[in-house]
Structure formats: structure tokens, C-alpha cells
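Structures for review follow.
Both complexes shown next keep chain A, but they swap its partner, so chain B is in the first and chain C is in the second.
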Partner chain A sequence: MKPFDTRRWTGIVAITLLLLGTGVIVERPGLVLGGVIGIAYAAGSRVGEAPAPDLRIERKLSNATPEPESTVEVTLEIENTGQTLSDIRIVDGVPPGLEVTEGSPRHASALTAGASTTVSYSVRSIRGTHEWSPIRIITRNLSGSRERESRHETETTLICIPELTTGAALPLRGLTTQYTGRIGTDLGGTGVEFHSERQYRSGDPARRIDWNRLARTGQLATKEFRQERAATVVLLVDARKEAYRAADEGGENAVERSVDAAGHAATALLESGDQVGLAALSPTDCWLPPGAGRDHRQRIRNLLAENPAFGSTPPDETLYPRSAFRVLRRRLPADAQVLLFSPACDDTITRLARRFDAYGHLVTLVSPDPTTDETAGMVLAAIERQNRLSQLRRSGIRVVDWGEDSLASAVADARQGWLR
Partner chain B sequence: MSHSNGPPPAEQATRDEQTPDDAALPESNTTEERSEGVGKFTEPLGASYRESRTEADSDSLVTIDERPARTSSAFAIAASIVVVVVAATGGAIPSVVAITGLGLVGLAGVTAYRTALTAGSVLLFLAVIFGGIGGLSPLAILIGIGATVFAWDVADHGVDLGRRVGRNAQTRTNEFVHAGGSLAIAGLAAGFGFGVSIVISGGQPVTALVFLLLGVVLLASALT
Partner chain C sequence: MMRWLTLLGIAAIVIGVSIIVEHSVALVFSLNETFLILIGIFALIQGLRYGHRRRHTERRQVELGEPETRDHVPKPGTEYDSQFARATNWTRPSRTAQRTVRNHLRATAAETLALRESLSKDDAIHRVREGTWTDEAVAAEFLSADPQLPIRVRLGSYIRRESSYEYGLRRTVAAIADLQKQ
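Entry: the complex of A and B
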């Protein structure tokens, strides 16, 4: 960038003239001589241009692939390979998601040619891929009258992928595939739980004949069991701008909690033989078709951790819900259920949930609660959210209102209100 | 998925029935919005959520202590004390004005309040002028003015560093270099002024001095 005038010394000429004038009027040579100082500073401010820095900067991380919530030390080694820099300030481009816990990513120094300095600070790692943005470098001449800002690109990436752990198993709804799984259906057939009895048809396996009944009445009857089937589930995480809300300052936002819950759900569902897909309700496209197996689990893990759609900061663009819905509808397999993770902070999400439900993709909403009761506005927001949730419940959508306690207990609470 | 095209037939049937064309959807939206009169009504009150941090304020995320850098503030206060000492030899009014100035510069050194810095510096400057009118020696005036400008320069530098880099960053080298440069200019100028004051002690008219200084200015501007 071009150097520019900081206008720091604009007043110095006025000071000088004031001294000279007063000195002449009151006839004090001492005051007139005081003007020399002003002249000297004015002259000093004309000397030198803000230098263009020529630096070699290296950024080192103590661990580039840390566990979540661990401390990573960042060291910047700065070497001046150009001319002397009498006033240089360095502002490191810390990724927006990372929090600096110790030290400062900023530094001001003076570097003679060939001199070097180091800046070190610590950040706390959180889920995701974090890229450092360019380093801002501000140089000034000695008097500070000229300034130049430049950027220095030093690419560093910190990748933090949390393990997927099995948490609360989210109960699914009755929309299933033809494959055997763990969801009890209302259909009779093979299974464990008794369902009904019907008249014997030739070819029925002998094991399923109700021999007691035959002994009692002399009639042949076949026992039916409740069929248990697997489901296709698409985990849909609301990662719109509106979902990035947290109950307390610096606390986990709703998207973080949603992603966490989606991870738990994915593991639990994959373990019970269901097909799991993943999608983000975000301007950034993210779609993984339903699948099963260990590789698929790994894919979900990576997507949840690294995909920019689930980033730790809100996206810039807005999502157009109607087109997003259309795209998702095209992608969803016909027999897919939707597990929707959203704080339900606006009406768009209720509308979307009801629409998915209406199109036959049974919806279960898991809603991390980002509301508090500190101000009247926040109380109002909480009430509006509750209204939205009960509206959804009325339209037959299962809702897990997930407050501050664990997801498992929220699910247990919610379950009591559900019909089978 | 190869097997996802085999849902129970019943499901398929209901879905086909339910599928309206997308054109019908906006219609249902508007009615839904209209029915939510409560939401509309409460809007001016402002249901508020706590937004989580965004990309835009990523700079503020790295919370920096925006108070001025310590070393520069210390230099500025020290220089202001020099001005107070100089002004104290010039009588009561200059000392009172200078002490007020010192207080304001000190305040700016703690709170990064730029207006206080400007006002304080102006007061220090006025204190020296009042002292000069009252009859301070040329050397005292030179030291007073030099210390005033130096105090403003380092304090302003400190405030700027505080805003840009923050108090908890390492800034000492930078501050020493800047203060050193500033002190060198003030020292050289005061030395030059003092030399001239010895030479002209014969009692030449003040206007001659002004012309001398104008000559210095022209020379300086020709050189740079």
C-alpha cells in the first residue's frame, strides 16, 4: 500500500508561530528562541518516508492437529531482510474462531537491517479448519508523520477434528426402509416383540405356529412379531446466520451444539444399522448422501469438523430458504427421515420443518436453546421460541427442546410427551 | 444409494398425493405470516438474542487492552513534570496551569483519552508561555517547550500503540526508539537555541531574532 500522511504534526507550525508572535509582541527573545524547538520538530517530521518492509516471517504451531479445547502455542519469527524499520507494528491474522488465551498476537518493535524478533501467543483450539489470514504490518518513519500499511502472507492451517463419540440415541420416527434395524414398526412379520396372530397359511415356518392354541382349540394359527426395520436418516444442521446464537457470552453457540449433537446421533444411528446422511442448512453447500459403514462414519466426522458450512463463525451470505428446500428435497431419498438440528430462532425454520414433514420426510427437531432471561427482549425471544416449538408439536413434529442439561436427559424429557 | 428407491408402497402413495407444486408454497407462507400477528406486534420491542461472534469483529475477538503503552506514558509524565518544575520558577499562574496540564496528560496516559492529551499539552505549552512573559530565562523556556512537545509526542505515540497493538503486547523497543528520536530532536534544537541566546545576549532587537529563525526555516525546507 502507498504511504500516507498521519497528520500528527499539523499543529507544530501553529505552535511555532504562536511562540514567535508572542515573543515579538512582549519583546522576549527567550520565547522567540523557543520557536526553534517547533521548527526542529516540523523539520524532523519532513525527514524520511515510511519504509516498505521486507520481512521474512515464519509461523510455527506447537501442534497443527490438536484435540479440541487444547492450548496451541503460536510463534511468529520475524526477520528484517530489508532496510532499518524504526517503527513497525505487526498484527497477526488469528483465525476468527480461535481465542487467544495467553500473550498477544500483536507486536510493536524497531528492527535494524538483519535483526529479528519473535511474537508468541497461545490459542485454544476448537473444532474446524482454521486458516490464518495475512499479517498486517504497519510501518512509520521515525517521527511518525508518514505511515504505510502492508500485508504479509504466511499460510498456516490448524485442523482440529474431534472424535465422534456415542451419546444419546435419538429415537427415530416410523418411516423406515425395508432393511432390518431397530425401529419397531406396526407391521407383523419376523421380529422379537409379539404383534398379532393370524390364520395359518401353508408354508409358514413351524417355529411360528402357536402350538398352545392348536392344543387348546385345534386350530392352526401363526404368530406375527413386530417387524423391526432400519431407517434412512438425514441429519440437517441449521447453520444459517440466524442460528449462531449463544446463551452466554463466549459460550458455545447453537451451531456448535447442533454439530456436536449431530455427531452423537450419527454414531448412534450408524451403530444401529441405519443409513445416515448429512446436510447443512447454510449458504455453503454441504451434502453427504445417506450411507453406512466405517468409511462413511469417518466421512461424517470430517465433514462435521472441517466443512466451512459448520464453521465457528456465521456465514456472510444469507440463505434463501425456498431454493434451499428445493435442493434438499431433490437430494433426499424418498424414505428419508429428517433429524433437524436448529435453535429455532426464526419462523423460517418452523416453516421448513413443517414443509419437510408435509412432503413425507418425518421430521424430528432437536433444538438447542440459546435464549436467556436477562433482558425483556431476551425473555420475549424465549417466549417466541417456545411458541414456535409448540406450534411444531401441534403439527405432529417431534421436538426435543435441549436446554442446558445433557442431550440424553433432554431426549428423555421430550420422549414422555411423544406418542409412539 | 442403490436400495433407497424401495420405500414401503404406502409411503410412496401418500407422498404423491401430498406433493403440491412449489408455486403453491408461497401462498401458504403469507397466510402463516399473517396469522402470526403476535410476532409482528412484538417486533418493535425487539426480541433479542445474543449473537455469537462474527467474522467481521474478529479483530475485537482478540481482546486488546486499548490503554496507552506503559513506557511512553511514563516518558510523557516525566517530561510533563519537567515542564511543571520549569513553570514553577516562573510564578504562581504558570505553575497552576502546568500542574493542570500534567494532570490531563497523566489522565490520557491511563485512559487513552486523546482530548485530555491535547488539552493537557496545550496547558503545558501555555504555562511555559506565561512563564516566558513573566520573565523566564531563555534556557528555561527552551527546556519547557522542548519537554512539552516531547511529552505530547511520546504520549500520542503511546495512545496510538495502545489503540493499534494494545497494552499487553510487547512494545518497549518501539517506544524507546521513538522517544529516543524525539528526545534527540528536542535536545539538538534546545542546544542550538541556547547557543544563539548566548551569542545574542548583547541585546539585539527581537525582530532580528525572528529573521534569523526565518532564515533557519528556509534553510531547513531547502535541505529537505
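Entry: the complex of A and C
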């Protein structure tokens, strides 16, 4: 960037001329002398240009792949390999998703040729891939009348991939596959829960024969149990610009909470034998077809942590919901349920949920609540969100309204409502 | 040009300093009093001109932002607050914003009422326009077909340095929230 005038000394000329003029008119040598000093300052401010820095900068992280919520120390080692810099300010490009917890990413000093300095600060790690932006360097001339901004590229990435732990087991709905799982069906067969009895057929296992009935009536009957099947579930995380909302400035936003919940749900579902897929409702494409097994679990874990669609800052682009719906419809297996994670802060999400439901994909909405009641506008937004959730419930869509409590507690509350 | 002016300035400083050190140097420059006063007036005028220019000059520097904090995302409803601020501006309220906000609140009140009391959409809109959707008199009047807040309410809000529109809006939002919680 070209150097520019800071206009810092613009007033000195006025003071100088006023002193000189008054001194000459009233014939006071002291004032004229003061004016002469002002002239020296004014001339000095025009001498020298803001220098272009020539620095060697190295950035080091104490741990480039930390666990979530751990402290990572960042150290910048700066060496001046060019001319003397009388006034230099350095600001590190901390990733927008990270917060500095100790120290400062800013530094101001003077660096003679060949001199070195160190800047260190700490950040708290948060799920995701975080890349540092270029370091901003501001140099000034001696009087501060000229300023120049330069950028220094030093690539550094922090990758934080949380372990997927089992949290709340989200109850699924009746749509199942042919595979054995945990969802009770209306079909009789093998299982745990008693379903019905039928006439004995040759080849039925002896442990399923109702011996009591044989003793009472002399007739052979076979017990049928409620068949339990697996489900195909696609976890759909709303990561549109409109979903990036938070109740606290700098706190966890709704998309981050959704991604955490999707991780818990994926683990629970995979452990119970369901087929699990992952998709993002985001301008950045993210799709993992339903699958099972340890490798699949690892793929989900990596996607949730590293895919830019699930980043902690909102995307710049806008998503067109109609085309996103068409793409997802093509990708979803016919028997797939949709576990939708969204704060439901706009009407688009209610329309999408209804359309998926109408196309036979049973939908359960898990909605992290980012609303507050600080102002009239915020109260209105909270009212509208509750109305959206009520409308979805009326349409037969299951809703988990997830406030400040744990997800498990929100699921338990929601189950009470579904049972009524 | 700037270089020449700088050199001229440096020469003037050198002469000035040398006069301070050796007074006899001043004898080289014989200037009469009228000429000196004219120079003084010229310097004063220029000084005032530069002073005026300084008052209208903003200092420039690189904006560094706040790299220490995470990027903030908005709280739900901040866009409504901006709209409310335009509608309730004390000196120049926007009539368009006032109409938009009132219609928006009518729609939200009708939707909440319809969901709460299992009414049809048309019935709920009718009750909002009739003012029978709430016991809160100010809110009912605010969303009615022909809103006219009583003089008592307008006077009260004026004393609180709050427009009657702002007071009505606040009470209406609270009334819709109460309706939803019932």
C-alpha cells in the first residue's frame, strides 16, 4: 500500500503563522521566536517518508491440533532485515473464529536494522479449521506525518477436531430400512417386545413356542415379537447466513450449537445401528451419503470439524433455498428421515421442513434458541420463532426447542409433548 | 514547487536563528515598519486560513479493528430494532417505517392469536382490527383499523420524552408476548 499523509501536523502551520503575525505587529520578539520554533516543527514534519519494512516473521503455535477449549500460545518472532524503522506497529491476523485470552496480538516499537522482537499471546481453541490472516504492519516516519500499511503473509493453520461423544439419543420416527435396528415397527417377528401369537409352523424355533398355551389348550402357538428395524437418517445443519445468530455477543452461535448437536446425534445413531448421512444447508456444498461403521463415523467427525460449510463465521454468499432443496431431494434416499438442526429464525426453514415432510422424509427439527428479550425487536423475533415452531408442530413435525439447558434435557421435555 | 518552498523555509530559519545569535546580521535587512506590519497582517490572515482548514481536516490512520475478539454475529431481532428506530425517531419519524412496523405487528398478533386460540387466519385478523385480541387497551388501539391513542396516553408519553407511537409499539410487543405465553 502507498504511504499517505496522516494530517497530524496540519495545525502547526496555523499556530506558527498566528504567532509570527502577532509578534511582528505588536513587536514582541518572544512571539516571533515561538513562531520560528513552529516553523522548525512544520519543516520537520515534511522531512522523511514512511519506510517500506523488510521483515522476517515466523509464527509458531504451541499446539497446531489442540483439543477444544484448550489454550494455544502463539509466538511471532520478528527480525528487521532492512533499514531502521523508527515507528512500527504490528497486528497479527488472528482468525475470526478464535478469541485472544491472554496477551495481545498487537505490538509497537522501534526496530534498528538487524534487531529482533517477539510478540506472544494465547487463544482458546474452538472446533474447526482456523487460518491466520496476513500480519498487518504499519510504519511511520519520525514525525508521524506519513504512514504506510504493509501485509506479511505467514501461513499458519490451527485444526481442532473434537471427539464425537454420545449425548442425547434423539428419538427417531417410524420410517425404517430392512436392517435390524432400534425402531419398533408394527410387524411381528424377532425382537424384544411382545407383538402377537400365530399358529405354529414347522421350523419355528422352540424358544418362541408358547408352552403355557400348549399346557392350557393343547395347541401349539408361536409368539411373535415387534420387529425392530434400523433407520436411514440424514443430519441436515442449517448453516445459512441467517442461521448465524447468538444470544450473547462473542458466545456460541446457533450454527456452532447445531454442529455440536449433530455430532452427538451421529454418534448415538451409529451406535444403535442406523445409517447416518450428513448435509449442510449452506452456499458451500457438503454432502456425505448415509452409511455406517467406524470409518463413516470418522468421516462425519472430520466433516463437522473441517468443512468450511460448518465454520464459526457466517458465509459471504447467499443460499437459494429452492435450488438447495432440489439438490438435497435428489440426494436423499427414499426412506431417509431428516434430522434438521436450525435456530428457525426465518420462514425459509419452516417451508423447507414442510416440503421434506411432504415428500415423505419424516422431519425432526432440533432448534437451538438464540433469542433474547433485551429490546422490543428482540422480543418480536422470539415471538415469531415460537410461532414458527408451533406451526411445525401443528403440521406433525417433531420439534426439540433447545434453550439454555442441555440437549438431553430439551429432548426429554420434547418427548413429554410428543407422548401427550 | 514543494521542494523550493521547503528550501525557502529552511533559509528563513537559518537567517532567523543567525539574527538571534548575532544581532548585527539584522542590519543587512533594512525593512520599514509599514512593510513589517503588512507582513504581520498577511501572516495572521494565512494563520487563520490554515486554522480554518485544520478544523475541517480529519486525521487519517489505518483502522486496525479488534483482532482480539471473535467475530460477532447479530442477535435475532436487531433488524427489527433498526426499523423501530426509524419509525420512532423523535425529530423525524419515517411514516413509511411506521406503516410497515404497524402492519408487521398486526400480522404477528393475528398469527399468534390464531395459533393460541385455534382460529382461522381471517378471524384472527378481524379480531386484531376490531381490537378484541387483548385486554391491553393501548396495544388493542395501536393495532386497530383506525388507531387513535387517547390524549392521556399521548400526554404521558410526551412527558416521558417518548413519542406516543414508541409507547404504543412497546406495549403492543409486550401484549403479543403475553398472549403467546398464556
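By definition in this document, the second predicted complex is superposed on the first by the 391 of 420 C-alpha atoms of A that agree within 3 Å, B and C clash if a C-alpha of one lies under 4 Å from a C-alpha of the other, contacts with A are read in each partner's own complex, and residues count from 1 in each chain.
By our rule, contacts are C-beta pairs under 8 Å (C-beta built on N, C-alpha and C of every residue); 3 or more make two chains touch, one makes a residue touch a chain.
In this text, all values refer to a predicted model and were calculated from it rather than measured experimentally.
Trainee: Using the superposition on chain A, decide if chain B and chain C clash or fit.
Mentor: Verdict on chain A: clash between chain B and chain C.
Trainee: Return first, second, both or neither, reflecting whether A:106 touches chain B, chain C, both chains, or no partner chain.
Mentor: both
Trainee: Between chain B (first) and chain C (second), which, if any, makes contact with A:14: first, second, both or neither?
Mentor: In the superposition, A:14 contacts chain C only.
Trainee: Touch check for A:142: first (chain B), second (chain C), both, or neither?
Mentor: first
Trainee: With both structures fitted on chain A, tell me whether chain B or chain C touches more of chain A's residues.
Mentor: For chain A, the partner with the higher number of touched residues is B.
Trainee: Which partner chains sit in contact with A:360 here, chain B, chain C, both or neither? Use first/second/both/neither.
Mentor: first
Trainee: A:390 in the overlay: touching chain B, chain C, both, or neither? Say first, second, both or neither.
Mentor: The second partner, chain C, only.
Trainee: Determine, under the contact definition given at the top, whether A:43 touches first (chain B), second (chain C), both, or neither.
Mentor: A:43 contacts both chain B and chain C.
Trainee: Is A:326 touching the first partner chain B, the second partner chain C, both, or neither of them?
Mentor: first
Trainee: Go through the superposed model and pick first if A:161 touches only chain B, second if only chain C, both, or neither.
Mentor: Touch partners of A:161: none, neither chain B nor chain C.
Trainee: First (chain B), second (chain C), both or neither: which does A:4 touch?
Mentor: Touch partner of A:4: chain C, not chain B.
Trainee: For the superposed three-chain model, which listed region of chain C (9-17, 45-53, 117-125 or 135-143) is the one that clashes with chain B?
Mentor: Only 9-17 shows clashing C-alpha atoms.
Trainee: Which parts of chain A are in contact with chain B and also with chain C?
Mentor: 8, 15, 18-20, 22-24, 33, 36, 39-40, 43, 46, 89, 91, 94, 96, 99-100, 104-106, 138, 244-247, 249, 253, 313-314, 345, 370-372, 375-378, 380-381, 384, 387
Trainee: Mind pulling up the chain A residues that touch chain B in the complex?
Mentor: Residues 8, 12, 15, 18-20, 22-24, 26-41, 43-44, 46-47, 86-89, 91, 94-96, 99-100, 103-110, 117, 119, 138, 142-144, 175-179, 232, 244-249, 253, 275, 289-291, 313-314, 316, 322, 326, 333-336, 345, 347, 351, 355, 358-360, 370-372, 375-378, 380-381, 384, 387 of chain A touch chain B in their complex.
Trainee: Can you check the complex and tell me which residues of chain B touch chain A?
Mentor: Against chain A, chain B makes touches at 1, 3-8, 11-12, 14-15, 18-19, 22, 25-26, 29, 32-33, 36, 38-39, 42, 45-55, 58, 61-64, 69, 125, 128-129, 132-133, 135-138, 140-142, 144-146, 149, 153, 156-157, 160-161, 164-166, 168-171, 173-178, 181-182, 185-186, 188-190, 192-193, 196-197, 200, 206-207, 209-210, 213, 216-217, 220-221, 224.
Trainee: Would you tell me which residues of chain C are touching chain A in their complex?
Mentor: 2, 6, 9-10, 12-13, 16-17, 20, 36-37, 39-51, 53-54, 57-62, 64, 67-84, 105, 108, 111-112, 115, 169-170, 173-174, 176-177, 180
Trainee: Using the touch definition up top, name the residues of chain A that touch chain C in the complex.
Mentor: My answer: residues 4-8, 10-11, 13-25, 33, 36, 39-40, 42-43, 46, 89, 91-94, 96-100, 104-106, 136, 138, 147, 149, 244-247, 249-250, 253, 312-314, 343, 345, 370-387, 390-391, 394.
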